[in-house]
Structure formats: structure tokens, C-alpha cells
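Each chain gets a letter, A, B, C, D and E, in the order it is written, and its residues are counted from 1.
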Amino acid sequence: MILNVSKISCGYENTKIVENCDFYLKKGQIASIVGPNGAGKSTAMKAIFGLLPLFEGKVYFNNEDISYIKPQDRVLKGMSFVPQTNNIFHSMTVEENLEMGGFIRKTGVKETIQQVYKLFPILLEKKNQIAENLSGGQRQQLAFARALMTNPTFLMLDEPSAGVSPIIMDELFKKILEISKKGVSVLMVEQNAKQALKISDIGFVLSQGKNKFIDSGKNLLSNPVVRESFLGG
Amino acid sequence: MKNIKERIWLTYTAMTCLLLFVAFFQSWNVALSILNLCIISAIMSLGINIQWGNSGIVNFGAMGFTALGGLCAVIISMPLTKGAWEIGGFKIILAIIIFLIFIFLANRTWKFYKNSPKKKICFGLLIFLIGFLILRIIADPVIHAIESYEPAKTGYLGGMNLPVIISWPIAGCLAALIALLIGKIALGLRSDYLAIATLGISEIIIYFIKNEDWLSRGVKNVNGLPRPVPYEIELQNSAWLINLSEKFDFSLVVMSSITVKLSYSILFLLVLIIIFIFLETISKSPWGRMMRAIRDNEVSAGAMGKDVKKRHLQVFIIGSAIVGIAGAMMTTLDGQFTPASYQPIRYTFLIWIMVIVGGSGNNYGAVLGGFIVWFLWVESEPLGLWLIELLTSYLEDSSELKNRLLDSAAHMRLIMMGLILLITLRFAPKGIIEEQKRI
Amino acid sequence: MLQIFNISKSFGGIKALNNVSLEIEKGKITALIGPNGAGKTTLFNVINGSLKPDNGTINLNKLNITGLEPHELFAMGVLRTFQISQEFESLTVLDNLMMVPADQLGESILNSWIKPKEIEIQEKKILRKAKEVIKFLNLEKLSSEYAGNLSGGQKKLLELGRTMMVNPQIVLLDEVGAGVNKTLLKKIGDTIIRLNKEFNYTFVMIEHDLDFIARLCSPIVVMAEGSILEIGDIDQIRKNNKVIEVYLGKGN
Amino acid sequence: MDYINAIILFSNYILIPGLSYGCQLALGALGVTLIYTVMRFSNFAHGELMSFGAMISILIMWCLKDIGVSIKPLPTIIISLPISIIITVIFCLLIDKLCFSYYRKNNSQSVILLIVSIGVMFFTNGLIRLIIGPNDRNINDGERFLVKAKTIKKVFELNEGLSIKMSQGITIVITLLLVTFIFWFLNKTKTGKSMRAYSDNKDLSLLSGINPERVILITWIITGMLACVAGTLYGLDKSYKPFTYLNLVLPIFASAIVGGVGNPIGAIIGGFVIAYSEIIVTFAYRKFLSYLLPDNFLSDGLMQILSTDYKIAVSFLILVIVLIIKPTGIYKGKLI
Amino acid sequence: KQEKEDFAVKLGIIFGYTGPIESLTPDMAKASELAIKEVNDSGEFLSGKIKIQGIRADSTCVDAAAANAAAERLITSDQVNAIVGADCSGVTTSILQNVAMSNGIVMISPSATSPALSTLPDNGLFFRTAPSDARQGKIVADILIEKGFKKAALSFTNNDYGKGLAESIKKNYESKGGQITISASHEDGKADYGAEVSALAQAGGDILIVAGYLDQGGKGIIQGSLDADAFNKFFLPDGMIGDSLPKAIGSDLNGSIGSIPGTDSPGAKTFENLAKSNGFKAGPFSQESYDAAALIMLAMQSAKSSKSKDLKDHVMDVANAPGEKIYPGELSKGISLLKQGKEIDYVGASSVELIGGGESSGNFREILIKDGKITTAGYR
């Protein structure tokens, strides 16, 4: 298990949003969390990354208890996260965004930036533009690219495909598959659930803060209950 | 909801107790004089709060509007300087009218060349400068003559000799007018830019008042403004108070000054209540909801059909007018107008501290902030002295350090004020009375 | 009803819109699609007055509306949502909706003093309407939550909800579907159709979910690099090679 | 026509004084800008921090003098700078720990931090007076002049003289060095960029592995250094008096804003704009023009655009005009 | 009726310990307290057992509201018998009109020099030991004309003191045939005086009159003028006279002239020594502060009462001839003389001579700065 989240509860100030949830995946696997709006997906992601305090439960990363360490230390351990909103440095240029993404790395930042540009050509085109002025989909790409800059072993994505055009979305999922093949594990939240589950080794259906279903991506896709109430038929 | 109500009750009672405490342990006179300024401060803080708390306008220009209010009190209530007026009163008015016409023309030009920034600035500025030149050519000699007219006694045009209370609403109007002008030019700026711009403009206003002696007597101050309430000396000779004082066996002098202060308190309280009710009503109405929406997100509010510019201007004017009224009240209470006393620390930062400490975004908080902060501002002096005496009581009498500390005791006031402010904010980071959630 | 002539807009060296001309017909649901950065959002911004075009004109019902302010356009019935949610974060969800209707009596200071009764009546009406909308969006539990505390998708729903508070002439929807659960999106689609059929609303929507578009929209306008590439119905679009190349990709 | 005299006069009364005052404002504005860029609030306590730094420098200088250290012709206080910088930085860090850090953690609005900084200002203000008293102190014990007006007059046989003070020279040199350093640091080094990233999006900078505590630490170190140097230089040039530092805050903010907040170059430009506008608008041009124009062209007046009474108003007027024409300041800072 | 005297007599000392003149006030307060100490040490005051206590309060110099609050506290809570102060004319007027008069408390200000205070109704409660600016203006003009300065530039601190003095100087000087080339204000405590110095320099003149304070803007203007070689002679009115100025500026100030209230009495010198031995400087207005406190106490003794309503009628008596002259350091002598029923003429440190409505008559000492020292060049 690269990640094992067991029985976590978390939320904001005095409201508990996520209750008793489990998430886990092995090295090189892709896992998806799907569920209705407001189910607590983003909340769970933030808690896993340590941006929100846990009420209960534990998070293990590579069998190490990381429940109480700071987010920036998790980055050092090889985790990387793209939040759903506010996921770029608005006032910095695209290139500076990427440099910041590679902040913890001592070497090889330049090369990774070139690789990222190859993956998202639009970013190369706009490399000196202030990120605030990017279009919605360009921002999403930049956010994803920034997370790749740390050369993570574990990648967490909160709705990476929201707002990107179909062609890019395909690219995106392809890329995710590709990096997972290289041994990077990916945990993502997706509303384009069908595509996401298609490539996922494991899927978690979250509803009202609770684990409703845990199963392989294929099984979930074929489960009529899940299809009807969570995947839009 | 209930929680907030309790909090309001609790804090307001505590404030009353503090004042009563002062009344019993220091004197009623001290307590009442603090109360009077507390009320004025509360009004100022309401004015700023409606701008900041309700619509996110950072107005650091309270000082200027306070001074304008004070100027109004002078112009309304002081007697006319006949000699000075005869020398050139009309000429000055003429010059001002001509200047205003040029400003109007400049404005027109500005609008006419809306689409070419260079022409706009060149011609607009040119016309303005011509107007300014004409103003100075006509007015300078007259101003000189007026200012040389018995400079030690008057040296200014004087006022209209009307009851000073009239100046309060008029001060509101004047402040509103100036706020309209300032708002038109400055409200496009955001947050810190606006703050410094308004601060700058208010400094300009102060410099104007300080240096245009013909109008305000400048730094020579105007003393002896007529009062809206009787003088202590008159009261000390009035039969009813003498009777009363004999009946209760209370010192006549003390009684007279308490009576005067109480009458001020009642007048001020009346104004405070009217303004408070006005603000409460509008900020509870859909208007308040709209303003808070604009505060949160101007782009979105615009797309939802709200005229952001107009609303900003509106609330800027209302808040400034309220500050202006408070300024006139303040000058009335002081009985004199001293332009040099308008300092940003006292009239801008302190007011902001009131708003923030009280709790921005709600009127109860603003009033409480006004009371508490003014109370501390005045009482931190004896408090600081007391503290330093306590600290040094263990030191030997002759010790260098002790003398040094006792000598600097006055500066404990600032330390105390700073500490209290920091501590209060620490325990109530959103202000003592937080903004209520409106459900 | 909405005519766009030769609109251009550039940011520094970037031509976001390049001589775009387009006519939106009344009572239709028009889709606006195109790759990221094609200028779709910019077009919306120009239409609703958030941005002033470099040149070109826009007419609404034959009236020239170029260069008007957003709030003036709102008054003329042009409504929009934002791709990146723009909620009023410190207002509750309910208030977020209730602030929308135009010309509320209580928005005038004078009225709140002289007509408290009328305002109360009006408020009740607005409240009822807002509650309906909240119910429709499945946000009942959150009606008194600060909008800033909503989840990403919920914010999107709130964006949509705001357009339902009034009776607009034309609604510009900028990716309402992004990040919204597909089950709910289906329901939203139904509503859009209903609003269009029953109340004859005109919609223009930017969307990347082709299935969703296929169900709702006709015609479909494809933009790329600041100009219009193709206008047609779904089949035409799907067949167009250029569109496939820049936008759809082989898989779709 | 007498160009040389005109130029010398211009330099003596406008160019040089404006240059050194501009540098002083710029150094202050730089500190304000830095705090603003990283922590997003206007630090009104900056003037007092400068005063604090200068005070420490003076105290150390007194000690040095007691043991007989001197580096004539330079003023002794220069060598106390390294230690006083360290103490000022420690003071800044202490203040941050005790006052600002709490609100940062709570994500308070920037206005709250602004008000807190006013509280800090009050406190420091009183503390300084407790320690060193409110008196005026002369601290320049080095050579006063680099170039003396009288010498210039005599040597070149001119009507006008030009004087450059030692303190002005030092100010200009140190400002240049510091500004270059800070500009390079913010825009070219990784740490500098991480500071900007932190100010832009705190959460996301966490996710990139940027350590916020380190960013804050570095910011305060630089701010403390700037404040200490600026305060000391200012005291060196004029004389140290706690009260003036309070009044220095406003022109400093005006400079930072005119230039465009959040940009070191903006701070410099702003400082000079404010400094020169005061002098140029209130300057009496009669004598200057008398060197350039034939006699009968001149009128009797002083040929002053505005009287010096309005000096400070002028700087604010310039500020307002600049903001109206260019709402983000001259050198486009960040939109806020 | 037997006066109840087993409580201490209290004197309020209201100066601006914070605010623009905060650097002057500590010495002023200490001077007042020195006078109090002297009287206490004499052990003879009133019944002999009574000690006098000085209570400081902060006028802030500019904020009338805070000053009133402080005065209110002194009078009604601490129950002071009389007040030494306030310092700046604005707050002094405000305290007098709003607090002191209504409570019938005597105020003697050492430094409020505004001419307006001469005519203000005060129920006989207000006195001052500093002369009105109107008087000094005349003296300044006389000195300048006599020394042959026909053209002068004038810089004044932008407050009631500076402006009042400047106007008075200008009027008198011009009526005597002098020419003021420019009369420009400066603000105290500001960052830079480059612009002011430039304007003054361009206007030119044989001498620069600086009507300001010696450790405030006034000093900045002088320093700036010297640095730029704009002026080399200065006229220094009373606010600019003090040892710290020549010390700070150095030899460049030599040859400058000035005026300060005082007669050719030994008082000033004695006071300077007294101050030194008590650990403070005889800065501006500290003489007057000493005298203000001394006057109050002597008047109390003369009235045999510590109440303001009694002592107010005795202030003029003790201040003016006839009687034995009393100098600084001789307060106990004064007290015992009064006790014996003799008359005294308090001269004090600043040669107190009260005229009219309790104003200082204004005898002036003409000053010449020589070898970095303030020396007396004559008396007027």
C-alpha cells in the first residue's frame, strides 16, 4: 500500500463533513473518488494532504503514519496535490508557476519544465504570461503541470478535467495512465466519472461524507445503482 | 443570534460599569466628559463602519471630514468680521465662482476627449490651471487684505452668527458634498491605494484649512465658539441650580459643570440614536444585503445588475457626512477650532481602531468600539502612570532607573494603548462584537 | 436577437477575439465550444460589458449595446454566469440568490424609510422564489451557509441558481457543467430545456461535455483562436475534420 | 545668461537635496513594499521600526565612543550598523511572533493586520521614548561635507555654491547597494520567488513545499535590515528625533503607492517622485531664471508655483493625480 | 472659619508630554517640580506642615479633547488647587474655557504666547509668564533695524505661536522700513526641510528669522540653510534660544542674534545653575515654567489659602513691585517674607512682571551667539 487512509473523519471548525472513510491504493495504481457535489470529496483530499486537521483516523503513506505532519513535509516525502480551486499562483508568470512547483528540487527543474511544455504546448506559448490571465482550461493544465514539477511518487488530483476541452481531457487521462505505468500512484476526484473509472484500478463512491461503494473501476461502471445515482445514467 | 444579543448586552453593561466606576472613583465630571467624547467617537466610528463594514471602502480620510465639520461650526456660529467682509468678501466669492466655472469646463473637456487620454489630460489640466491662475490673480490681494485685518484678533471673514447646532446638519451636507467630489475621483482605487489616497486628500484638506487664514483663521485658531448649552458661570448664578444644590447639599460648582456636560450628553445621545437607527434600518434592508454583496465581489455584483460605482459613491457620501456631523459636534464641544490638532493618528487611525476593535460590519460593534477605545485613550494615561509606579515601587527612591522611568511615565500611555489594542484584538480577532450572520 | 459584428479584442499581443461576427437567435439554446483559450469566455465578457471591445458592435434587439456597463445590460435582460465561480462569499446562499432581482424597492435608502410595508411584501415574494430555486438545486441544507463555504460544484450550482431568480432575455452560461455531478447535470439540462420551452428563454452556453450539448443545443458554434470555425448542428460538428483536429480529438 | 550658475543653483537646491531625501523615502518604501508583498498588509509600524533601529545604532555608537573607536572622516555610527541590524531584526521577529503570526494563522483580513501594526506602532513608539527619551540628538560625528558650497564658489569663482554632505553621499551609495540587492533577491533567487509565491497563494505554496515560516523569517530579516539602515541614515542626515519617524510614515507610504506597491523599482521611483515634487512645486524660481533670462523679463514675485505652506499637500496631490491617471502606480505593481 | 489644611496642596502640571513638543516638556515639568521641591523643603509653606504635590497630566499639545479630559481629571478627580500650564495656546484656551473657568481654577501658563489669550474672558483666573507674541514682534523688529538688517527672510513654525509671532514681526519690521522677502511656514517634526530651505534661499535676505523651536523644524531650517550656504546669519526668537542649538549646529551659528524674555537680573543665570545641579537643562520655556509654579505657591502663601478663588487676586501682588526681589532658589525666603506680612516682588528666572490681564510685560534680553555660547548683548 502506498497510501492507506483508515477511518478518517474530518471537516471544518464544528461541522463534520467526512465520516469514517477509507481510501487506499497500491504503488502504480490509479484510484478515483466520485460522488455528488458536496459529498466531501475535496474535504477528504485536503485532509489526506494535511491541509485540514483530522478529527479521527489515520493516514499512512508507505506504511508510515503521516497523520500529523505538515503539508510541506508531505511534499518532501513525494506527495503532490492539485486542489480544485485556487490552484495556481495568480500573479506570477506561467514559467514562475512551474519553477515554484519544483521548489523543493535542487536539480533538474529546467528539464522537467521542458517536458511539461511538451505535454502542454499551450503553456510554452504563454510562458511569460501572468497566470491570472489564462483561460479556464489553460489554468487547469497549468495546475496539473505544476504538480508534476515535484517529480512525485504519489499524485492527488481534485477534478483535473473540469473545464478542459475534450482533446486535452483525453491527453490528460492518457498522461495519467502513462505516469502510473512509471510507478506513480494517482488518487483523483472526478466528475467525468465514466472516463475516470475506466482507467482506475479502484474506485470509491462517496456520498454525504460516507463510503458508499468501494470496488474496482470496471465493477463500479457496471453497477446499475452506481450508474443511476452517481454517474448520470 | 442569541449569542450575539447576549454579547451586546454584556459588553454594553460592562462599558456602563466602567464609566460608573470612573464616576465614583474619579469624579462624575470626568466620567461625563469621557462619555461625551465617547458618543462623538461612536458616531465617527459608525460613519467609517458603514463604509468599511458594509461595503469594503477603506476611507482613511476621516480626519479631513472631521475638520470640515469643525470648519462648518466656525462658519455658522461665529460673528461676522464686518471689516474683513467689507474689504473683499464679495470678491472672494466671485473668484470662487469663476474657479468653479473653470472646473466645470475642465470636467466637460475631460469628458469630451474621453477616448484620447493624452488630449484629455492636456486640455483638462490646462483649463484647470487657467482657472487656478485667475483665482489667484483675483483672490490673492483680497486674501492678503483680509488676513491683515486685525490679524491678532480676527484676520478672517468670520461666520454667520447663527446658533451652533444648525452647523451639525450643515456640516453633514458639506462633508457629503466634498465626499461626492473625492469619491468621483478616488473611488476607482482599491483597498490600500484608496486608503492612502483618501489619507492624502484629507491631509490636503487640513493644509487648506491651516493655511487659508481668511476662511478659517488657520493655525491661529478660532476660540470662543458660542455654545448650544448654558455656561457654567451663568448656571452658578441661576436660582434653580442654587436651590437644587442647597437641597442636596452638593457643591454648586460641581453641579453646574455636571449640568452642562449632561446637556451636551443628551444632545449628542440624541444625534447618536438618530444616526444609529438610520444605519440599522438601512443595513438590515435589502440595501444592506446589496452593499455586502458588492463588498464581497464587485465583478459579480455588477453582472447581477448592481451599479457598483454609484453605490460606492452613495455609501462613501453617507459615511463621510456622518463623520462630518461628528466633527462639527466635536468642535462645538471644544468651543474652539484648532486646525493643527487634526492629526492622522487621532482622527483616522484611532477611529479605525474603534471600528475594528468594536467589530466591523455591525453598528453595535462600531458604537461599542467608539466607547471603549476613547475610554482607553483617555484612561490609559493614569493607568500607565499607575502601572509604572507599581513597577518602580520596589526600586530605591534614588535609583537612576526609577527616576528615568517615572520621568517617561507619560509615554506609558502609548505603550498601554498599544498593549490594550493588541490584547483586545488577540482575544477578539474579529472585534468584540462580530459581524452577525444574517439568516 | 443578439447580433455581434466584427468584434475584436486583444490583450497586449494576444488576439483573444479576431473579427467575430455571430447572430444568436431568439428562443434557441446556442452552444459555444472550442479549445481552451479560444476566446469563448472573452466573448461573454465583451457581450456582458465586463470588457470593452477594441472594435465592432453588439446589438440587442436592434439596439446598440456596445460599451454599456454590466449592470446596465443586466437591466436589459442580459445575464451571465462565471466559469470561475464568483459567489458572494460572506453572504448566505439564500442572500446570494435574494440579492439578484433588479429594482428592489429596498435597495433605495429613501424607500427603506418611507415604504417599509411594500418592501416587506416584496421581500416575501423574493424569498419564496429563492427557496424554490434552492430546492431545485438540492441546496436546502445549505441555505443559511456562507456561500464561501460551499464545495466547488455547489458554487457552480449557485451560479446557475442566480440566473433563475429573474426573467432574463438571454442567459450566458459559462461552463455550468464543469465540476457538476452528471446526475445533477442531467436535471439541470432538463430545467434549461423547460425554461427554454415554457418561458422562451434564450441561452448561450459554453460547455465541454459533448453529450450534454448534443442533448440541448442547436445550433453549435465552434470557436478557435479567436474566430469562428464552424456553425452547425451536432452531427455536422462531429464530422468536421478541423473541429476534430483542434477540439474533439479522435476518440469523440 | 549664465548657464553654469543656473545649473549649480539647480543642483544645490533641487537635485542633491531631492536625491538624498528621495533615497531615504525609497529605503523606507522598500521596507513597506516588502511586507506588503509577502504578508499583504500595510505596516504602519515601519516608521517606528526605523526609529528603533536608529536608536540601537546610537546606543551602540555611544558604547563605541566610550572605548574610543572612530573611523573619521566617516561617522562612527556606520560601524555600529551590523550589530544594530541584528538587534532590529530580532525585535522584528519578536514582534511578529507575538503579534502578527496569530492573525496570519487565522487568515485574518489585511485590515486587521493593519490595525495590529498600528498597535505595534504605539507600543514601539512608547518603548523608544522610555529607552532613549524624546530628545533630539545629533549623531553625525564624521566629516560633514564631501563638497562645501563655499569652496566651490571660491575655486570656480561662481555666484552659487554646491554642497554635498557626507551623509548624503553615504545615503545614496547604500541605497543603491540595497536596492540592487533586493531587486536581485526578489526576482532572481529561488527564495525571493518563493516569497512572492507565498504572498500570492499561501495554501498552494505549502503544496509546493515552500516553508512559510522560512519565508516570513526572511521577510522580517530583510525588513529589519532595511528599517535599521534607513532609520540610521535618516538620523545621520538630519538628527535623531523619535517624533519625526512618526511623520515619516506618511510620505513613505505615499512613495510606495505612487511607485506601485509590490515592486522594488516602484518604491524607488515613488520615493523620488514624492521628494522632487515637493521641492519643484514649492521652489522659488526667480533667482534661477534670473541667470537664464534677460533682466526685464522677470516680474517682482518669487515665481513660486505654490507656497511652501502647501509642501506636504503637494506630495499628496501628486499622489492623487498619479493614482487617478494610473490607478496601479507609476511602475505597475500588482493589482490588489 | 478655620482653613482645613491637613491635606496636601496639589498643583496640576499640564504639558504635552507626548506630541509635537514632547522633547521640550520634560525640562519644563522638571523646572516646575523644582520650584515645588524648593517650597516643600522650606518647611514653611502655609501652616508649615503642608506638602505640595505636583501632578503631571498630558495635554498632547494639539488634541483639545484629550487635554480637556486630562484637565478634567486633574481638577475634579485629583482635585488640584491650581494648574501650571498648559503649554500650547490652543489646548490652553480650551482647558481654560471648558474646564478651568467652570471650576474656578487658576492657570498659569509658561508658554502659551498667542495674542488672543490677552483678550479672552477669564474671570481673572488666567496668567502667563511668557509675553504675548505681539510684544516680541516689536522687539525683534527693533533689534533687526538697529543692527542694520534691511532685508530678511522669515520662516515660522506653522502653529499659533509661530504664525502669531511671524505676523507681528512682519508688521513691525515693515513699518520700520524693513523688507521681508518671504514669509514661509514650516511644519514641525517633518521628514525633510529641503523645500523650505530652497524657497527661503531663493527669496534671499541679509538674515533669516526663524520663529520656531530649537529642536524641531527650526533647527532643521537652520541646519539646511547652512549646509546649502543659503544664509549665514539668523535671528532666533525665544523658542529658538537654548544651549543645545549652538551645540548642535557648531561654530556656523556664531554671529547670529536673538531675543528672549528676561531682564538684566541674575535670575536666569542662577536658574541655569539650579537646573544643572538638579539634572536637567534650562531649555526653552523652562524658566517660565519654574516661575509659573513659583508664582502660584507664593500667591497661595500671600492669600494664606490654597484655594484658587483666593489666590487669584494675589498673583499680581507677588509678581510685581513693590517688595523685596525674589530670585530662583530663593522661594523659601519669599515664603517667609510673606509670612511676616512683608511684600515681595517675584523676579524669578524670567524676570516676571505681570501687566494688564495677567500677562508678562515682556522685558527682553538681546542675545548674541559668540564662540558657540549664548551671550547677552543687551536688554530691552
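Just so it is clear, a residue touches a chain if its C-beta (ideal position, glycine included) is under 8 Å from a C-beta of that chain, and two chains touch if they have at least 3 such contacts.
As the structure is a computational prediction, the values presented were derived from the model and not from experiment.
*Asks:* Using the contact definition given at the top, which chains are in touch with both chain B and chain D?
*Replies:* The shared contacts of chain B and chain D, listed by label, come to E.
*Asks:* By label order, what chains touch chain B and chain C together?
*Replies:* none
*Asks:* Treat each pair of touching chains as one step and give the shortest count from chain A to chain B.
*Replies:* 2
*Asks:* If every chain is reduced to the average of its C-alpha atoms, which one ends up farthest from chain C?
*Replies:* It is E whose centre lies farthest from that of chain C.
*Asks:* Report, in whole Å, the distance between the mean C-alpha point of chain A and the mean C-alpha point of chain D.
*Replies:* Chain A and chain D have C-alpha centres separated by 46 Å.
*Asks:* Can you check how far apart chain A and chain C are, centre to centre, with Cα atoms defining each centre and the answer in Å?
*Replies:* The answer is 28 Å.
*Asks:* Would you kindly tell me how far, in whole Å, the mean C-alpha position of chain E lies from that of chain C?
*Replies:* About 74 Å, centre to centre.
*Asks:* Could you say which residues in chain E touch two or more other chains, in rising order?
*Replies:* Those would be 22, 26, 158, 185.
*Asks:* Touching two or more other chains, which residues of chain C qualify?
*Replies:* Residues: none.
*Asks:* Residues of chain B that touch two or more other chains: which are they?
*Replies:* Touching at least two other chains: 210-211, 411, 413-414.
*Asks:* Among all the chains shown, which pairs meet the touch rule set out at the top?
*Replies:* Pairwise, the chains that meet the contact rule are A-C, A-D, B-C, B-D, B-E, D-E.
*Asks:* Sort out for me which residues of chain A touch chain D in the complex.
*Replies:* My answer: residues 49, 51, 70-72, 75-76, 80-81, 83, 86-92, 96, 99-101, 103-104, 146-147, 149-150.
*Asks:* Inside the complex, what are the residues of chain D that reach chain B?
*Replies:* Touch residues, chain D against chain B: 36, 42, 44, 98-99, 102-103, 106, 108, 110-112, 114-116, 118-127, 129-130, 133-134, 246, 250, 253-254, 257, 261, 307, 309-310, 312-313, 315-317, 319-320, 323-325, 327-329, 335-336.
*Asks:* Provide the residue numbers of chain C that touch chain B in the complex, in ascending order.
*Replies:* Interface residues on chain C, with respect to chain B: 48, 50, 69-71, 74-75, 79-80, 82, 86-92, 94-96, 98-100, 102, 104-109, 112-113, 119, 123, 144, 146, 162.
*Asks:* In their shared complex, at which residues does chain B touch chain D?
*Replies:* Per the touch definition, chain B meets chain D at residues 52, 58, 117, 121, 185-186, 188-193, 195-197, 199-201, 203-204, 207-208, 210-211, 344-345, 349, 352-353, 356-357, 360, 405, 408, 411-419, 421-422, 425-426, 429-430.
*Asks:* In their shared complex, at which residues does chain E touch chain B?
*Replies:* 17-18, 22, 26, 30, 56-58, 62-66, 68-70, 72-73, 75-77, 89-91, 93-94, 97-98, 101-104, 114-116, 119-120, 123, 134, 158-160, 162-164, 167-168, 171, 185
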